[in-house]
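Order as written gives the chain letters A, B, C and D; numbering starts at 1 within each chain.
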Amino acid sequence: MRQDVFTIIDNRRVSPDTYVLTLSGNTSGFRSPGQFVNVSVPGFFLRRPFSVMTWDSEGFQIMYKNAGHGTDAMTGLKQGDSLDVLTGLGNGFDLDRSGKQPLLIAGGSGVSPIYCLAERLTGNGIIPTVVMGFASSENVVMEEELRAMGCRVVLTTEDGSSGIRGLVTDALAISEEYTFVYCCGPLPMMKAVSEKIFTDGQFSFEARMGCGFGACMGCSMMTARGTKRVCKDGPVFGLEDLVW
Amino acid sequence: MRQDVFTIIDNRRVSPDTYVLTLSGNTSGFRSPGQFVNVSVPGFFLRRPFSVMTWDSEGFQIMYKNAGHGTDAMTGLKQGDSLDVLTGLGNGFDLDRSGKQPLLIAGGSGVSPIYCLAERLTGNGIIPTVVMGFASSENVVMEEELRAMGCRVVLTTEDGSSGIRGLVTDALAISEEYTFVYCCGPLPMMKAVSEKIFTDGQFSFEARMGCGFGACMGCSMMTARGTKRVCKDGPVFGLEDLVW
Amino acid sequence: MVNTSVRLGNIELENPVIPASGTFAFGYEFADFYDINMLGAVVIKGLTRDERYGNPQPRIAECPGGMLNAIGLQNPGVEKVISEEIPKLRQCFQKPIIANVSGFSVDEYVECCEKLEQEPEVSMLEINISCPNVKHGGMSFGTDPGSASEVVRAVKRVTSKPVFIKLTPNITDITVMARACEDAGADGLTLINTLLGMRIDLNSRKPLLANKTGGYSGKGIFPVAVRMVYQVYESVKIPIIGVGGISSAEDVLEMMFAGASAVEIGAANLVSPYACRDLVRELPATMERYGIKELKSIIGEAHHG
Amino acid sequence: MVNTSVRLGNIELENPVIPASGTFAFGYEFADFYDINMLGAVVIKGLTRDERYGNPQPRIAECPGGMLNAIGLQNPGVEKVISEEIPKLRQCFQKPIIANVSGFSVDEYVECCEKLEQEPEVSMLEINISCPNVKHGGMSFGTDPGSASEVVRAVKRVTSKPVFIKLTPNITDITVMARACEDAGADGLTLINTLLGMRIDLNSRKPLLANKTGGYSGKGIFPVAVRMVYQVYESVKIPIIGVGGISSAEDVLEMMFAGASAVEIGAANLVSPYACRDLVRELPATMERYGIKELKSIIGEAHHG
């Protein structure tokens, strides 16, 4: 974990309620896709945690949904503004377990760490299948980018305005050919996925956090190994940990 | 009274602990020297009141002493920053009562409204005598400017490092030739002046304020006419009002 | 179009926004800034039987998230308030005027309320049994249910106007005080008064306020106020005016979800003289954003379901 | 060179900065960020006799000037704390370890303290009779002087370690509780625990926390904490640990002027894992700025003269 000041390069709306924030600064704390950063938003007390969507040696990107006062204030951040960010938080996805044909499943904002993972996997020469679900066509993000990366993309929307009508689980042609499942999305989606898959998998959780680094027990969740902190012991948990 | 957003043109240190802040914006609320403005300092709850040192149709200046957290934060304000300011607050000096030979007496930061008054008086063709006292030569401000304006300036410093050694009252060759006295400075100085002068006069008071416009009674002081609010009924009071 | 009207007992207000006592002087000062008839009502500066200068200076201190005050009930006394201040306010304000009454004895409360009973321009009485800044300035009445009952009963005997009791948050269980006031006949409750706080000057190494302690108000007390309104709403049937750190139209809604029938705005008035005006203006759009058509329908909604 | 050392009873601390219970886990987590031996001491996460999961989610909410939490005393139980957590902390921390104990009965407090008495790595016990987030989680002990005395006496009987009692601010007169604890034999007091608060979600129209109410901490409670430390300092002779909204070295000095012998840092740790480190680093220069050579000489100075 590191605490650094980053400079905003870009803050762009990518769907009616979703933005991508690009920051430059020291990324030496970043280790794996699925980790998160904790952003100090000017005017707010608690930091706001976000999955990392991309990172390189110069900076990183997060995707955020305008879903409350903190994220609403973030939409006003401008190029050149500074942000105090804790980076390299939590445990990300384990790339070594992907096998040759991993299945990636994302719902809504959950596409952010899944995108990060896809980038690393394709970089390693592994072509994942990505099933991603959104409410409606206007909410679809990162589809083009994932296809451009070479991923096999299956898109679902709840209203059928793009791709397959329904939820990601409706589109899941789950077969034993998939070597591993990586999943991030709303709890009901992840629960449904966990009950449907044949292979082992990892699931990335979201939580309302106090600190983001294991100090306050604000984000605890029950697992098969007892109470775990989403921020410090997660946010990625194995299928074997999950109790719904 | 008006509430407007002003833009900082300059924020300059003029002595070891004193700064002059220049702002541009709507000054149509300004009426007379001795009035004050109430500045919302980013990060602080209560506004900070300051006497106006100069104003014209484009903007205004205040002088402030770095004397606490609020003013310390103000020293970091930069050209181009915006400030929310209430202007045209309180009752200023009455220029009509000056007569031909007014005596202006200022102590420390009290020089700010006295300077404003001198500017207006000389503009009306009246040449005031200005007696101004500071702790030491390094604290002396606006002396050159007042002389350049044509004022007769008598300078005192407590340590004698500039001008006459002692307090303003030590330098006051009070005579009946002065037609009126205008005074602003620390309470003990104003009390001493009030006891020494032969003519009538007006005194500008400083106070820790809640609102600055008469709502909270935070800055009340006892006067010969009963309890008065420094912000709304003052900050300038007549000699006849003073009870020490 | 949304409907912002609310009721406090038998008084209908066009909207729930009321400047709180002690942060709006006698109201007419603000008529220089905007037409104060857009307010739901006005609570005038707290009065006592006799004129009071209040506490020595300094009376005001900054603190994180707000301010401390120790004014000490400065006011010209009930008679001058009636003869001089209320007429001045009435000249520029046609909406309900609420008088705020403090006392150092049951008799003093009664005497003030008897005089106010004769003043038809006063629609409602807010009885302050919670001023933290004067010794026995209601604060002892504010923390003892028996004393509070006594004040309420005595005041109700001499007035036909609705009587709201303003409660202190500096107490172990505010619901005990709330029920005591309701049982004694109060028509409503106002909560919360300020939290008792202190700041110390690092240079002088002494308390910043001459009174040492002061009442803490501003955004920083909002979560405490919401909690107490929520608790009291479950304990009594009489209406509640919610006050404490409200500084946006969203805060108004939050306080009403908790159980407030109307709100008072305090410290925010000192930061901007336009605070109440801005709240009134922003309220309809904020209601629409959260799907609210009838404001009074949301009172206490956080308790349902 | 300034001297930052202070004493808590028979324990000498190199400096007064102590992370507060519940905001520093079991301490060793922070050893990844910096050498925690620079801290005066560490209070570990509050423990109970039995393992506790705590309250349902969400447990955390933002509020102006701070945050609400309703963790609900999640902890692995006193035995695991002793067998697993304290050894891990001791590996990276050689300064005093303070255990924080909560209970649902006098017996439970006693049982925990008996077990901790056998653990030589624990220098001091902080008895929490003020957790606002669990029913009977000490809170009833925290507002009744008789019950508090009973806990203090029972605990003192089974331990030779210094016993500090952590008090709640959600009370009418904190000095009554402070004196009750002193009279019952407490070696010191820690104050304040969190203020009870609530936030309501405007979209769901329900309290943000699953527990409805939560403990309010952060800068916004600092003026209340300073006031209570000041009041209690005048009421008791035993040392006070001041806690509540401290977020700068200046705040540390202010709390000590009010009467604190040491300070605990709570919510600030959650905003920055380096908060305590930064306070320790800034303390000497801040002392010099205000002309302080011996930190312990300023304790309670706001009461003098």
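The working rule: a residue touches a chain if its C-beta (ideal position, glycine included) is under 8 Å from a C-beta of that chain, and two chains touch if they have at least 3 such contacts.
Here the structure is a predicted model, which means the values were calculated and not measured.
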Exercise. Which chains contact both subunit A and subunit B?
Worked result: none
For this session: If you tally C-beta pairs in contact for every chain pair, which pair wins? Let me know.
Result: C-D
For this session: For subunit A and subunit C, let me know how many angstrom lie between their CA-based centres, rounded off.
Result: 47
For this session: Give, as an integer number of Å, the spacing between the C-alpha centres of subunit C and subunit B.
Result: 36
Problem set entry | Set of subunit C residues in contact with two or more other chains | 63-66, 219
Seminar exercise, completed: Flagged in subunit B as touching 2+ other chains are none
Exercise. So how do the chains connect up here, line, ring, star, complete, or something else (other)?
Worked result: line
Seminar exercise, completed: Which chains touch? The pairs are A-D, B-C, C-D
For this session: Provide the residue numbers of subunit A that touch subunit D in the complex, in ascending order.
Result: 1, 3, 40, 44-47, 69-70, 86, 207-211, 213-222, 227, 232
Seminar exercise, completed: subunit C residues touching subunit D in their complex are 63-66, 68, 143, 170-173, 195-200, 202-203, 205-207, 212-213, 216, 219-224, 226-227, 230, 245, 250, 253-254, 257-258, 290, 298, 301-302, 305
Problem set entry | subunit A partner contacts - residues on subunit D that touch it in the complex | 22-25, 29-30, 32-33, 45, 53-54, 57-67, 69, 71, 74, 218-219, 267, 269-274
